[in-house]
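Take a look at these structures.
In the two assemblies presented below, chain A is common to both, partnered first by chain B and then by chain C.
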Partner chain A sequence: MAVYERTYKRYKGALTPQWTRFLVLPRYAYEEVAKSKLFTIFFVLCLLPPVIQAGRIYLYHNAAKIFSAVPAAAEFFSQFMSINAEFFGIVMAMQSGLAFIVALFIGPGLVSKDLANNGLPLYLSRPISRTEYVLGKFAVLGILLSVITWIPGLFLYALQSIYAGWGWAFQNTRFAASILIGSAAWICTISLLALAVSAWVRWRPVAGFVMFMVFLGGGFFGLMINALFRTDWGSMINLGVVIGRIWEGLLGLRVTENLPLWAAWVSLALFCFGCVQMLNRKIRAYEVVS
Partner chain B sequence: MTSAAVGSSTKPVSPNTSGLDWGLIARQIAGILRLELRRNLLSRRSFGLYFLAFSPVGLFVIWALSPATEVLSGPAEAVAQVFAPIFGGFPPIFLGYLPTIIFLSALITFMSLFRSEILEHSLHYYYLTPVRRWVLVTGKYCSALISACCVFSVSTTLLFLLICIPFGLGDASQYILQGPGLGYLTTYIGLAIMACIGYGAVFLLLGLFFRNAIVPAAFIWAWESINFILPSLLQKISVIHYIRTLYPIPLPEGWLAVTTDATSPWMSVPGLLIFTALVLTFAGWRAGRMEVNYEGD
Partner chain C sequence: MVAMNPVIELDSLSLRFGKLEALKSLSGAFSGRAIGLLGPNGAGKTTLIHTLLGFYKPSAGSGRIFGKDILQQDKAARALIGYMPERDSFIAGMTAVRFVRLMAEISGLPPAEALERTHEALYYVGLGEARYRKLESYSLGMKQLAKLAQALVHGPKLLFLDEPTNGLDPPARERMIQLIKDIRDTGEVNVVLSSHLLRDVEECCEEVMILKQGELVYYRNLEQERKANRKFLELKIHGNREHFIESARQLGCECALHGKRSIKIILPPERTIRELYAIASEQNVQIRHLDYKKDSLQDIFLKAMETPMGVDHGSL
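Coming up: the complex of A and B.
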């Protein structure tokens, strides 16, 4: 065919389903993330606590066999290391903390690069909407954080169910539901915070600092309000206390904070709503400067 | 022109390798200070420092005007029950003015000394001047330290005064001038300055090593927060350990705390200064081997 006959023709190949298009963004983001050896090492280390806890479940159920020569050790493992709500509470608290560090690592650079280099029109000129763009960036964090929060949590629940029998699993479905709901709430919160901060603060180190400050500064101001005005409502701006209270409520643990459970949920919902509003303001193809 | 004539007209300058020209170094540091102080105190960069330092003051003003002060009997009780825990931190993880706000301010102020220059692609202007790298590090550190010390001295004083004033000027002045108030205030200002010195040196070093120093900073914060449950030897490898022993009003440490021998003030202050000097020496060494590479920033 002569060159001049090669004119524009519409693409006739198979189209990607509309609902999976946002997954293009995580695919490229993971390529970028995997380049950092430090992050890869840290991410693998994040899976170490669940592995240790899995070992603990194994020891709890097999202590009599393993420590048959040392009855005291067998008794210790079977009596004092019981697998209950406190066990899952500790595991999830630890994994939630690690999830925040992972978000701190990769979150600040997710949107800021696109905004700083005027790359947003390039995304939005393709068949991908603003919502899908945000969903795609959210998925980058959401999938990674799932790997270190609810997936190992449910794995531990399944392991305990296998050893203790399905009767235990049916009696304690609350634990599985709590792991899912609590992790989802925490993943949503820190992912939206990371995206909102990344959209508003274009320098990555500064964005990371702001994210860190929201967590620490919010905690300090919450405690300060409580101490100055002799109240407990200041804890509503303390993200650590809020998520801790939610875990306590979900797992049925002993309440250590005086913040009502509904207030913790309201605080988290308002926080997420604020982050979505911030994203809505910034994620636009063109920034109109008045 | 003969070679002899050239030799007589242009006297070769031999580098002074035997000793340092301290007068020149002092002038260079003064020059860096002039430039950097303006940046640290008057530029847009300083907004974070002012916001962090003075936002608690706003809350204290609201408290001073509210009826919440009525439950306290006087300035002494207010300082012991309200100011001391807010300044030193609340157990279990000690979120307080010093371990949180001064920590974060030191992080943003000292870490950005070199990082912001790299992000703004302006570090090479400094590196092209005939200034030794360690002199540059010293000058930048001193400028940030002076800025942080000024801001936190003022904010600590304001917080302390706002705690005392709601009980009447008479009671407040009696507590401050005739009671232990002035001593407490001076000690708290000194502690704020010590925190700036210690954390500042650490974060300056982090800014020289890491492109994104937030994650290492998060680890340092975690280390400082769990300091009280660490074994005695490990407790000493932190800034907060030396500062906590100097609190004029001791704070409850919680049931998890590991009891250790308190470091005396005569050891704490020189210990922190020696630690800072070592960190700064390391930072100077690092800056001397640093190549300006703006790629990826």
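Coming up: the complex of A and C.
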């Protein structure tokens, strides 16, 4: 259908593979997100901590050479800045926090925009399923949060392996696995939370507030339950404690919370299941009111 | 009904929402270039379209679009469809170009082709000059056109248009109808037009399906009717109607009672009106009114609404 012809013609050209079509959604979402300079600057700044930590690894391994004239400084860097589980724990905790802020920024508008003006029937009348739609929206956050969590985490692990030798890498494969598993669990949780809130709360600022309150309010109520009933099970609704306990368990860090590791995993799984149920209820072309 | 290469096939398709039976065992094969879906509000027109699009899972039966099962091959079926919903549907914050291009890419068009066809589709529906404006700034008529563009952009084989002239002023309506006719006449796409506006369906469609309370009560090929120019006689008589009808049938006429005093009669070509007068004279029946008539869509619709359930395939 050429413009000058002004008539309808069927499209008979090649089509993209079915499995790649959900990736159209993140591509369009990134183009929207990149229009915000504030977000772009913040996102770049999220990569600063891993860069600083990479410098720390470099200093740890090259302190003797760099500070050959100042032995005390060389000793400080090689003894007090060891690259161990605590090091990766701190890095990943910081990146997880930043990932939450990024999700807070992008998440609320992901589904609500489509729901606000009945856009969903337009998507779902095409060869894309509800699952693929959710997967596409999930990928928006999943890919972006990966860039600031497990990818820099694994980069630091690789950098340390290069300096310390492959022997260190083999001895500490647990760190790499922990970075991957812990980040995946956190990305999954906050992405599903963001999508579920976005599907139920159509006004973006309120959706952002609700998402923040789930995190903060959960923590507050968790503490209240713990104090009132003299128990530790209240921490199961405290997302911060839950993910902290999971990081401790994965990296083999000193346990600071009395919540059992299995309970933290169960809590996270239940939380994700709840979010999926909320999405399942809302992501429909048309709601059926019975 | 045409049995060869049907566009839509329904096989006892039923849909239930709790206790409400929204679609009641719909069956048939429909193959017109433009099929009108008529019915009063709540008859199930939109529900039928939504079920064919896979938005609702049928509670019984099945349906096929160009032979693709709407349950087993739902994506393949939807790949052939363009859908223009009844309600306002767009994504806020997007220009028309971006919106239509997104829809084209989700349908499987590569980005470059999607962009090219987006511009073409927007020009085609008449939004060429406004294509870089945000959708929320569009008037109602422009939003309708944008919905049509997104339904066309991926070049579907079947177009579902749900109340496309809703809320349009007369010139905009005229323009929309002209576009629908133009699309239909290309022969590249089949159109299903759902409307409660009889004039829209009469102007655009070759076939008409009438739904009433979720049931298919009428199906007829209007185009064939027009070509056959099938006229009937409407008679108002005073006297014994039953005997008069009996005698007319013996002449080979098709007869039907219409209202309290009227009779509809189709005369076979070899018979003349004089013979009806002869019967009337023999039976001492007075013919007080005789006129040639042709069923308008309004007559058909009203008759379908009055008669009890059951599909009428076009009998008198």
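Note that in this section the second predicted complex is superposed on the first by the 277 of 290 C-alpha atoms of A that agree within 3 Å, B and C clash if a C-alpha of one lies under 4 Å from a C-alpha of the other, contacts with A are read in each partner's own complex, and residues count from 1 in each chain.
Just so it is clear, contacts are C-beta pairs under 8 Å (C-beta built on N, C-alpha and C of every residue); 3 or more make two chains touch, one makes a residue touch a chain.
Computed from a predicted model, the values in this text were never measured in an experiment.
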{"item": "Contacts of A:127 with chain B and chain C, given as first, second, both or neither", "value": "second"}
{"item": "Which superposed partner A:213 touches (first chain B, second chain C, both, neither)", "value": "first"}
{"item": "Touching partner for A:227 - first (chain B), second (chain C), both, neither", "value": "first"}
{"item": "Residue contacts with chain A in the superposition, chain B compared against chain C", "value": "C"}
{"item": "First, second, both or neither for A:174, with chain B first and chain C second", "value": "neither"}
{"item": "Which of chain B and chain C A:281 touches, first, second, both or neither", "value": "neither"}
{"item": "Intersection of chain A interface sets (partners chain B, chain C)", "value": "none"}
{"item": "Chain A-touching residues of chain B, taken from the complex the two chains share", "value": "48, 52, 55-56, 59-60, 63, 66, 68, 71, 82, 85-86, 90, 95-97, 100-101, 103-104, 107-108, 111-112, 115, 119, 211-215, 217-218, 221"}
{"item": "Chain A residues within the chain B interface of the complex", "value": "42, 101, 104-105, 108, 203-206, 208-209, 211-213, 216-217, 219-221, 223-225, 227-230"}
{"item": "Chain A residues touching chain C - in the complex, by the definition given at the top", "value": "1-3, 6-16, 18, 21, 24-25, 28, 32, 113-114, 116-119, 121-129, 284-286, 288, 290"}
{"item": "Chain A contact footprint on chain C (complex, rising order)", "value": "17-18, 50, 53-56, 74-76, 78-79, 81, 83, 85, 87-93, 98, 102-103, 105-110, 113, 117, 119-121, 123-124, 128, 136, 150, 152, 154-157, 160, 182-183, 186, 188-189"}
